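Below are structures written as structure tokens.
Two complexes follow with subunit A in common, the first pairing it with subunit B and the second with subunit C.
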Partner chain A sequence: MDATIAERPSGAGSPPAIKPTRRRSLRSRIASCWLHLVLIPVGLLWISPLAWIVLTSLKTKIEVFDPEAGFLPAALNFANYPATLAVAPFGTYLINSILVTGSILIGQLITITLAAYAFARMEFPFKKILFTLFLLQVMFPIYAIFLTNFVTLHEFGLINTLPAMIVPFVASGYGTFMLRQSFRQVPAELSDAARLDGCGHLEILWHVFLPLVQPTLIAFTIISVVTHWNDYMWPLLVTNSDDVRTLPIGLGLLAKSDSGADWTRLMAGTTIVVSPLLLFFVIFQRRFIDSFMHTGVK
Partner chain B sequence: MKSTKSNISRRALLKVGLAAPFVSALPGVISIARAAGPTKLQFMYPVGVSGDINKIISGMIADFNAQHEGIEVEAIYAGSYDNTEQKVITSIGVDTPPALWLPINSALQTFLGLDALEDITEQAKADDIYDDFLPGFLNTCISDDRLYGLPYQPSTPVLYYNKDAFAQAGLEKAPDTWDELLETAKATTLRENGELKRWGLTIGGGWHDWMFEGYCRQNGLVPWQKDKVLFDRPEAVEALQFWFKMVQEGVMPKASTWQGSANDFMAGSTAMLYHSTGSLTNLRTSSPFEVGVAFMPKKKTYGAAQGGGPLMIAKKQSDAKKEAAWTFARWMTNTENQANWSRATGYLAVRKSSWQSPAMQSYLEDVPQAKVALDQSEFAGAFLQVPGYHRVREFLKSALDRTLAGEIEAATALGEANSNANREIARVMRRRKS
Partner chain C sequence: MSQRFARARRKEALLAYAFLFPSFLFLATFTYWPIIRSFWFSLHDVVLGDPEIFWMGAENYMRVLDDALFWKVLANTAFYTLTTIPISILAALLLAVALDRKLRGMAIYRSAFFYPVMIPSVAAGMVWVFLYAPGYGPINAALGAIGLPHLDWLYDSDLALSAIVIMSAWKYSGYFMLILLAALKLVPSDLYEAARLDGVSGVQRLLHITIPLISPTLYFVVVIGILHSYQVFDYVYVMTQGGPADSTNVLTYYIYQNGFQYQDIGYASTVANTLLVFMLGLIGLVALTLGRRVHYLGEK
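== the complex of A and B ==
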């Protein structure tokens, strides 16, 4: 996503840059053109693997490795898509992926906001120790706690259900830490003023803090969605049946260890898996960028 | 009011409790109960070769469930071999192992160490397993003369070659000995103005330790025993020196990756390739030239290490489940199913009778390359069945890589790998005892 994010400032970001300096419009135009000269190749570089994925998904198996064959497929061969969809129920996987990633995100946003507010703005016993424990959770590689998480879920009877992929991730030490740092940067005067106006903790959080830390929330959303959308090992471990599995497991069926990958179908599958994410970012791109542009309040 | 209620329910409970033994003693009731609740088996399997293995397995299991009243198998795709092993071991950790699973044969000692495997020697002896299964494959499931699994999808490495590249170099025949291999690799390596266009030979990386065991076996050494490895023996050192020589002569790359090497072969950037028989279908159908398949060349003898996996049955489950699991494993490896499985995937059928079946005979006429792996399997044995084989493989691979990169002498590298590996094996065994 780097380039799309980088590309926007030249478009959306230029009006505020030009406004105060209208007399230097020539210089700024040169500056923005120069920026385009840099950004267009970078943008192309970013888009090239995606283009390659789509093109490969339209080729025949032999074309992929034939040195004589060109970069573009000789004939558009859409047969790879139905062939990919026949390998596994990708529709079910897609719905499950959306449910799992969405539920994790909602859960995380609630827990990290509350926890971060407590750590940033409240005093209570053992605060430092508790926060250190939160940080410790960030440092543990997820693989180290696979077995204990598995045992817990097994005792809850949650193995092979959608909640098994959601429950272990609804709290995030990393997100709490990130948000606590942002909350601490919000001037105390703002929350004090809100308290004088009669706001309770939750109202202060809702009306004062959350609007001001939107960029952090969005950054965290991106990280969380990408991580859990692509997660492979944990869903594979806790699910058994097709109706609760997620998209990366379907992709795993096409990348084989014994025989080398089935490239055409793997690329068709990859296109299917990444397009919802891409669509999500394209649709919300303006919101993402806008919130990053309005980070000035401090 | 409250107390009356609880009294009634207690009485009802007692009545039911009294009736239970009598009811269950009635034969008719039992069979009805069974029909209502079939024995449910979980079967975890990896998908190691591309193609629609997932579909094939699901289809086979649907057939099995339809044919066997009272048994219901649930097929659980569990990723790669490594993923499957992790998933199975995790389930064993919470005392709910799947009824059966399909690991790589190297994991035999790992699962025996967990005391997780049902000994099926007696059932197998009462059946035709010892007569009809190809002994090379069956041996991969035997430890101390006891049988712990039924081979299901064995594979070995074979030598693939590009017939166009061979014709270009004026060659007709695949190399048969190490010396011929070097000569052929020299003849088929292509350089234009000092720039490399085609390697003579590539050994599929990532699994090159598997190929290396083949080289040791070709040189008359099985480089492991049940509780130690023998990487520092002169036969092994000589094999690695031969690899290094091919690198020095500029006919073989120092390193490659598993998928990358297959891609290189299909793209014509290497004339010969050591890869799994499991790749046969993919290489054959994706290459724009004719693909030849041959034995891996010999030194003292032909030799190969068996890849692929057996069906293993869990020890910690009810007898009814064990019996059902045996029925299922037996069915999956019957003559007809093995012939179909082999033709669909490129894995080798485990039964002699499968190979003699008419369907298989006509397949061999269409794809004579498939026969090569079967013939070679006569010279093949189990692959690195030592405890803690994951780490041991990494030690060996590191020794091979560093030698080929020219960082270290073959003998020193293998000596180090040997002592590291044996220390690791001793550690795993010590932990198992305590």
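== the complex of A and C ==
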């Protein structure tokens, strides 16, 4: 595992594209025509669930069940949005989602920076064993150990509080791993020079290492935010009142209370919940794509 | 001199432990302790909130062996993992190979295949319940339009789990595609050129050049796929609640049922332990089979 999971900081130090640009031959032009012919339908198929969410949210209740009604809404009907916002406290959910995701991220950035630096740049006994123990968390995430974690949080008296949704995620084996890879790529001369100037480890970490691994920090931030913003199982298990629920949980409740009948309102709710991240994605497309793209490249 | 050196080393080790401490504190509380506790609980009768637990020995494990539903749930979990991962990786590989060139509309294609990763699992699950709806769902409407019979999808115990597999492939292929695409970009194109001039066909080039060269990344994607398969809990919870007739009940959901609905924490822990062993076994198997065959570029 060690050898294959590796992260290359996007931007800095990426190897030059090896492919030479060649004059496009007739052959390749025909090939790309064929490709479009296949890719366009497949792409449309992939987008159709999203299109369905948005289109249904603009329909009337009757239209959804009418087999004669077309794919597009007869008239744009925005009434579902205020109706959805009125049945559940989406504002509270939004604030909770921001607080939970933000706290997890801040906690993670602190813990992984310190741990990754130790693993990448310091010598100490049991280093290998400890690193393996960190990776254990990647293999057994909350989905595998939610039951006994629930018991622990119950004993701490944290059930139905915001911290319950935060504390299990403050340490990140994956983040430590990712950042360690980047720290290892920082030239030793840089930290040696700082060393000679009398800087301690913390100063070197702060002034030399962190500025150099910014692309990795951004990539980790994006992955962490996407993951925890969308988290469903754990927040579902540890919350039971509206004042601590997050957006995905609120959406799930909406489905339950409507017993699946009112698809227009449900899809309006879905649009509200998915749009913040999708909006960020559209704006910072390159950053998002790069972050996810380079999580696997050696 | 050497004494001073030893002291400096000791000082560095202490500082390193201090750096590891915050992470370790949280890992110990929310990862190691729950795993240890899960084994301890499986040997006991445990009631939530009751500090007293009763020793049961291996009784819970005997119960698991006799539990027909457990074996069904285990088979469902294996089916889900062993279909979702190959299907999504195959789709991802084909898409990545198709997109690994200069192509008009590249950014649009990439986003179109990738966006499902960013949709919360609960939202994805709900939309697909709608898409699969037997009466008015668009999938059945589309099937009807091309003259195929309507299917009951999530209401058919033979189809429900496959329906969740299809949905998962839609959700994850784009992510795997991106990772594979990044690997393909590093394959030197003169290799393809040489093979093409030698008259090697496209399929053979894929099998004998592309796949071996990106095998470390493929292996990584398989591991990521296994880790993402945990998320099936969300889809089962939102889409089917394990039904119909437990045809979509998977290990994580069965743990939830036993622990939270029947309040039997001892037995739920026992099932949870089988999940840990299942995942460990799966990852171990992949590491021993695929991991061994991985080729590294530039290595003999």
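Structural remarks
In this section, the second predicted complex is superposed on the first by the 205 of 298 C-alpha atoms of A that agree within 3 Å, B and C clash if a C-alpha of one lies under 4 Å from a C-alpha of the other, contacts with A are read in each partner's own complex, and residues count from 1 in each chain.
In the analysis below, a residue touches a chain if its C-beta (ideal position, glycine included) is under 8 Å from a C-beta of that chain, and two chains touch if they have at least 3 such contacts.
Please read all numbers here as calculations on a predicted model, not as lab measurements.
Applying the stated contact rule after C-alpha superposition, one finds that A:Ala171 touches subunit C and leaves subunit B untouched.
Of the two partner chains, neither subunit B nor subunit C is touched by A:Ile204. Once the two complexes are laid over each other on the shared chain, residue contacts for A:Ala86 go to subunit B alone; subunit C is not touched.
In the superposition on chain A, A:Leu105 makes contact with neither subunit B nor subunit C. In the overlay built on the shared chain, the residue A:Leu133 is in contact with subunit C alone; subunit B does not reach it.
Judged by the touch definition given at the top, the superposed model places A:Gln285 against subunit C, while subunit B stays out of reach. Touch criterion met: A:Leu236 reaches subunit B and subunit C at once. By the touch criterion defined above, A:Ala268 lies against neither subunit B nor subunit C after alignment on the C-alpha atoms of chain A. Partner contacting the larger number of subunit A residues, of subunit B and subunit C: C.
In the superposition on chain A, A:Gly252 contacts both subunit B and subunit C.
Counting contacts as defined above, subunit A residues 64-67, 146-147, 150-151, 154, 232-233, 236-237, 249, 252, 255, 260, 263 meet subunit B in one complex and subunit C in the other. By the touch criterion given at the top, residues 61-62, 64-68, 86-88, 146-147, 150-151, 154, 232-233, 236-237, 240-241, 249, 252-263, 265 of subunit A touch subunit B in their complex.
Note for the complex: subunit B touches subunit A at residues 42, 47-52, 54-55, 74, 76-81, 83, 86-87, 90, 93-94, 96, 155, 258-259, 262-263, 266-268, 275-276, 278-279, 281-283, 285-288, 307-308, 346.
Residue ranges on subunit C touching subunit A, taken from their complex, read 9, 12-13, 15-17, 19-20, 22-27, 29-35, 37-38, 41, 48-49, 95, 98-99, 101-105, 107-124, 126-131, 135-136, 138, 141, 170, 174-175, 178-183, 185-189, 216-217, 219-221, 223-224, 227, 230-231, 233-234, 237-238, 252, 255-256, 259-260, 265, 268-269, 272, 275-276, 279-280, 283, 287, 291, 294, 296.
Of all residues in subunit A, only 1, 3-5, 15, 17-20, 24, 28, 32, 35-36, 38-39, 42-43, 46-50, 52-53, 56, 64-67, 71, 110-112, 114-115, 117-118, 122-125, 130, 133-134, 136-141, 143-152, 154, 167-168, 170-173, 176, 201, 226, 229-230, 232-233, 236-237, 247-249, 251-252, 255, 260, 263, 266-267, 270, 273-274, 277-278, 281-282, 285, 288-289, 292-298 touch subunit C in the complex they form.
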